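I have a structure here, written as structure tokens, and I will follow up with some questions on it.
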Amino acid sequence: MKTLDLNVTWNSIKRSIYKFSRNKISVVGFFMVLFIIIVAIFAPYLAPYPKHAGAFVDFNNASKPPSLTYLFGTDPFGRDILSRVMFAFRGALIMGLGVIAMIVPVGVLVGLIAGYYSGTWVDTVIMRITDVFITLPALLLALAVAALMQRTLFNSMMAVAFAWWPWYARLTYGMASSVRNEVFVQDAETIGASKTHIIFKEILPNCLAPIFTKMALEVGWVILVGATLSFVGLGEQPPTPALGTMVSDGAKYLPFQWWISTAPALAIMFIILAFNLFGDGIRDMLSTEEV
Amino acid sequence: MSDLLLNIKDLKVGYKVYEGLLRVLNGVNIEVNKGERIGIVGETGSGKTTIAKSMLRILPKTARIFGGEILFQNKDVLKMSRSELSVLRGQGTSMIFQDPTASLNPVFTVGSIISDVIRYSRTLSGSRIDSSQMKETAINALISASLPDADRLLANYPFQLSGGMRQRVCIAMALATARDLLIADEPTTNLDVTIQDQVLRLIKELVDKKDTSLILITHSLAVVGEMTDRVYVMYAGTILEQVNTQDLFKNPYHPYTRALLSCIPKLSGGGIASGIPGQMLDYLNPPQGCRFSSRCPKVMPICEKESPPLVEIEPGHKVACFLFTTKQGA
Amino acid sequence: MYSKKLGKFGVILVVSLILALLLVSCGKAQKTSYTPEDYIIRTTEDWPTYIDPAVGNDFSDSIALVNLYDSLVFPTPQGDVNPSLAEKWDISKDNLTYTFTLRQGVKFHNGDELTADDVEFSMKRLLTIGEGFAYIFVPYVQDCKAIDKYTVAITLKKPFGPFIASLIRVYILDKRAVMEHIEKPGSYGDFGDYGKKWLLTNDAGSGPYKVKEMNMVSYLLAEKFDDYWGGWDPDAPKFFKESATSEPTSEYTSFASRELEITDELLPLETYQSIAKLSGADVVTFSNGNTFSIMLHTKKPPTDDIHFRKALAYSFDYDQVVSKIYPGALQSQGPVASTTPGHDPNVFQYHQDLAKAKLELAQSKYADKLNQYPVTLSWCAEAPEEEKVALLFQANVAELGVKVEITKKPFGQMEADAISPETTPNASLIFVAPNYAEAGAMLTARYSSSSAGTWEQCEWLQNSEIDHMLEDAASTTDKQERFKKDYAIQEKIVDLCPTIYVFDQAERRAYQSAYVYWLPGEAAKSGKLYVPIMGYGIYVHDMKVYPEKRADLLSKP
Amino acid sequence: MSLLSYLAKRLVLAIGVLIGLSILLFLIARVLPGDPARIALGPRAPEYAIENLRKQMNLDKPLYTQYYLWISSLMKGDLGISLLSRRPVQDDIKEYFPATFEEVLLAAIILSVSGISLGILAAKYSNTWLDGIVRIFAYLGIITPAFVWAIILLLIFGYWIPIFPLQGRISSGVPLPPTITGMLTLDSLLTGNLVAFWDALKHLILPSLALAMAPMAQAARIMRSSMSSDLEADHVSAMIAYGVPQNRILTKYLARLALIPTISIMSLDIASLAAAAFVVELVFNFPGLSRYGMQAILNKDLNAISSVLLIFGVFFTFITILVDLIVAYLDPRIRLQRRSM
């Protein structure tokens, strides 16, 4: 699996890129993701009315339908929806990537330990704990936890992370516990390699592929859950734009001011789509299936 | 000639892969007469299975047929309509696969699989068949494949049977749907050595009884020796020699065939290549010349330039090698 | 290698899927004649609703209570009261004893006759449980005794001027019915749970309507009480349904499909405007004595600094609110609605003036460290329009460099936060309704130390001087005297600027004027002054409904 | 080991997990700031009443005692008082669970039936327009949040083609069936009250549909992919070689195989259904347990929160076991090998 021969690695990279690009759709996904990231980072420069994402109201331009001045129209506060959606990408991205960044280390570490000690009481205890978390769908647990905390983006991220980490623990555990019995691990042990060496140098590298795949595939879901939280008002608080909040607020003005909730709803779908396609690509790329 | 059953003319098949097109079959010619048993010998990867699958049009999606024709009873299989195909598969030809485990759907009982097979083969000949008959026919089919207490077997799932039994089930089904030609693709490779013989003998006697032609695909010359009348020696998707079985052992011409024979003592089911220096060629960019040239002990300059035609040297004995064609290189 | 044309199987499947949908969509029961269920008034309010007279005290509770129960007196739209269960009453010289003579032959929903015992029981129950409107009476009421079957005496600890007016909030329960359903053990000793559990979903009243179904999460369905002592108009509604308010979209659609007679007052302006376009629908606004204000926490930095508070008050753009967000409303002048008796017409009124605001801010002790002291603000999730005010406020004070952190909260949550000074935010957007039509009601509820820790006072003013003035005023029985004192209080409070007084609510509701007769609606349309006190706007007994006209509306596209 | 003892083992494990869940939920609920008793009785309640309630709710005792008392009264079926409805939580649950249950049930039916058939269709006509449509639908389904579906349906069937009611479980005026199971549709069927049945069903359709959309798409996708991945398996080529028509192979042999992964994933989907219901019931103002739970969450109604989540925990645990049994039924390798073990 792990090799240092440069041109082999270079080859494998080329190969991976081919695997990824073989499916044109995932290439599209890649560019969509890229687009989202760029918009999020440069929102202040790209957005037509950056001010509208902050403390700003202009009731004289409230609820204007899409026009050249306001491409996606304005909301009941007279704020440009396009600009707000662009800024909302930030929250969405932070949610998606942030949560993944929080849970993967935790989940993977726990999984590794459980996997290393598979068959012992450590394994049992850890895995039962994850079972407990998993009996409830992540969204439910996240809702409950988020409700207890101050309503901020970070807290809702914490809530999602709290509900989500066990899935990584289980995935890693699955891999680790099987790798653990591989010959090369046994050997490493017999020649007296340290626990940490075995866990991180021997086992971990062989678990990475599925973990990365899962990460890539799940960013979208995390964002979805985040959007749901903010839909019920448990996320980022106004005036900072959050897509879920924008949809739920906009929904009040349907069907007449349809544009208020349409744009953010489409934005959510766009983001999730982007990350799904991208994730599929990553999956193909890391799959061991021969081409 | 009237008794010619199958005639494969200049068949070219390749596989699409990441690096490009694997040109596997490079103009293969095979003839099978009614009731004749021929063998196709070659190392694993020489394209034997590809030939078999092309004959039934069950090649994987990545396969590309870019030339030649497969005349079965003078009809080109490659041009057949759906209905013609189903007749071909349901009644004319059938095939026994390498791996009996993989070739039986794991979640259905032997009974339901085999009776489906029989039902459709019957409906082709227009004869409806009711369940009681069906059971009977199924049981008979199994018994004919000399399987013990067949009626209990019907209720079993494939994974409850031994490898040998699975292969027998497959054989039973294959014969139930093959009147004219049976293709056996390394039917014994995945079986326990002890029962390989039984299975082979079973195939042989069944074929004889029903006077069905047989194409036996294998890498083992021993098997060919005892099972077939005529042999095609294949290397890297080309036929190098075509000869009656007796002559094969008496006076083989082609250096490759010789090499094969020289390995027989070492031969033990496994790959022949072990005995021959050099390795299988790369199908991506095969040499324009003779495909064996890279490994040929007697290689000549011309061999790298042109690919030798298959010429009849003695009656019924064809060889594709410049050593024996009149056209000698300087 | 597979067939490319769509075979039987596929077609059948697709078709059957479509069929399945159609099947469900049809099967609508067609109406020929009108069943009693067609004579119904449906309205929505924020939820939950408590129909226990000793528990409920908010807008939706009051609507239910006034229709299910009777009180000794009944409020007039002009802010007076008429006799109701009490035919007449005498007040002792010392203004401490009130003796009521009850109307005879009033029947409870279960047929029992309403007697003095029930009044005594109801008052005592209210005081003991101490929830709901009890806080109005706890400080004053000494005792309540049945003298004979139809006479009851209430004695006060100290004079309470608006006592009669306040009695509209004492709803009379059937003692027998309640005692039958008490559960022991409960928090109230011999009285067990005082029937609290039973009264959550049942009523023991004598009002024009009786509970048919009470679903705690979504609706109250009440049925006409035929033996109502007040008598009935032939066209009066036979049913009354109060449901939890929901997505404005579905509010609109159910109104458009005439499955909602009177909307709630919480919809976004845009929705009212689109409803107004429907045929046979009218959107009316009428003052109801409620005020909407931004309550400033006077004990929590930075709003504990009076100059800071004044700076906020000066920076706020009141005109935007009354012109754009709540058109039809009037900017408030002090804590009391201008339509409420006892409102001080001369009290100071803030207007946006950034210059003054900056001056005030400069004097405040937070002037130079605004960033360390953001202003936390909560608004009520059930009233979507409040968000506009919140954001306007945020934008306005941003010009001073003051940062505002806005949080949307369900009303229940705001109530909970109001309980302690720590959890109360710097600023809270809240509608307050006077519980009876007098300035005193509003002032006490809003600023007496006793009300600190309730959602009605997120200011935590706790000013003993004001407490005294309030008590003094309350105990003054002469109306004019009392009002003078109320004026003084209003001046004093506005001077402390604990609150940004935004506007006197113009209660906006849409109703099916084509087939529903509804007094406040008619009054509003004819421009008459009509101030229904909290809950009494939806007094179904006085409404009329005409199913055939509804049918007409539905029949035409 | 027989299927029964396997089931027994699963149940024991499940109970263990549920106990763990109860602890987790108890802790979550107790992290709440603020004094529940005070919140319960309202700000103006006299101090003594509050003291009483605090005692009633055991808030004066240390955490572990509280947990012990909570769990033991929970065993007795007493889940404590809801701060929101101000009555025992179990009463609320009795009232609202059936609603959510029938809603989720309908959703599950919709999603499995149409999801699987769509998957088969897509595989059967792979790379035709039909496959294309199914694929697009699948993607739409997956990327569209349940609450967006809810709103879309609200618009389509509530506003443009108003054929479905948008609120509640049953229209006023429709005679209610007697409560047998609490599920209006079932009860009205049992009592032969067709009017009520139609009405209740129509109230269910939209919420259930909104719930079913995403997982339906998911199921279709898995079904299709696992079927087409098997297309080139030896046993398929074999069946073809033996002259069995492709339709037959597809709809019988492949479908059966593909059902196994699809259904085992469906258990997760059904769990996610009830989670999505938390938002959907809010949109449709559907008086179900999820809406109750959502309000509990938004209003920090601690007893209600922990009870509702616990109920759902139990619900999902048993769904998973049920699904495992179905899979075992579909897959003889699991079923029989277990027996032979």
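Order of writing sets the chain letters: A, B, C and D. Residues in each chain are counted from 1.
Definition applied: contacts are C-beta pairs under 8 Å (C-beta built on N, C-alpha and C of every residue); 3 or more make two chains touch, one makes a residue touch a chain.
Bear in mind that the values here come from a model prediction, so they are computed numbers and not experimental data.
J.: For chain D, which other chain has the most distant CA centre?
T.: B
J.: What are the two chains with the top count of C-beta contact pairs?
T.: Contact tally peaks for the chain pair C-D.
J.: Going by CA means, which chain is nearest the middle of everything shown?
T.: Smallest offset from the overall C-alpha mean is found for D.
J.: Starting from the mean Cα coordinates of chain B and chain D, work out the distance between those two points in Å.
T.: The answer is 54 Å.
J.: Quick check: how many Å separate the C-alpha centres of chain A and chain D?
T.: Inter-chain centre distance comes to 24 Å.
J.: With chain centres taken as the means of their Cα atoms, state the distance from chain A to chain C in Å.
T.: 44
J.: Among the residues of chain C, which are close enough to touch at least two other chains?
T.: 1, 3, 247, 249, 381 - these are the residues of chain C that touch more than one other chain.
J.: Going by the contact rule already set, what residues in chain A reach two or more other chains?
T.: Within chain A, residues 233, 251, 254-255 contact more than one other chain.
J.: Considering chain D alone, which of its residues make contact with at least two other chains?
T.: Counting only residues that touch two or more other chains, chain D contributes 151, 154-155, 159, 283, 298, 300.
J.: Quick check: in the complex, which residue numbers of chain A touch chain D?
T.: Residue list for chain A touching chain D: 128-129, 131-133, 135-141, 143-145, 147-148, 220, 224, 227-228, 231-233, 244, 247-248, 251, 254-255, 261, 265, 268-269, 272-273, 276.
J.: Flag every residue of chain B that touches chain D in the complex, lowest number first.
T.: Those residues of chain B that touch chain D are 53, 56, 58, 60-61, 86, 89-91, 94-95, 97, 99, 102-108, 113, 116-117, 120-121, 124, 157, 159-160, 170, 173-174, 176-177.
J.: Which residues of chain A touch chain C in the complex?
T.: 55-57, 59-60, 62-63, 76-77, 151, 233, 237-239, 249, 251-257
J.: So in the complex, which bits of chain C are touching chain A?
T.: Against chain A, chain C makes touches at 247-249, 268, 270-271, 274, 320, 324-325, 381, 384, 387-388, 390-392, 394-395, 398, 404-408.
J.: Touching residues of chain C toward chain D in the complex: what are they?
T.: It comes out as residues 1-7, 9-10, 13, 17, 24-25, 27-29, 35, 37-38, 40, 42, 48, 50, 55, 57, 129-132, 134-135, 138, 187-188, 196-197, 200-201, 215-219, 221, 239, 241, 243-244, 246-247, 249-250, 252-254, 257, 259, 381, 410, 412-413, 415-420, 423, 453-455.
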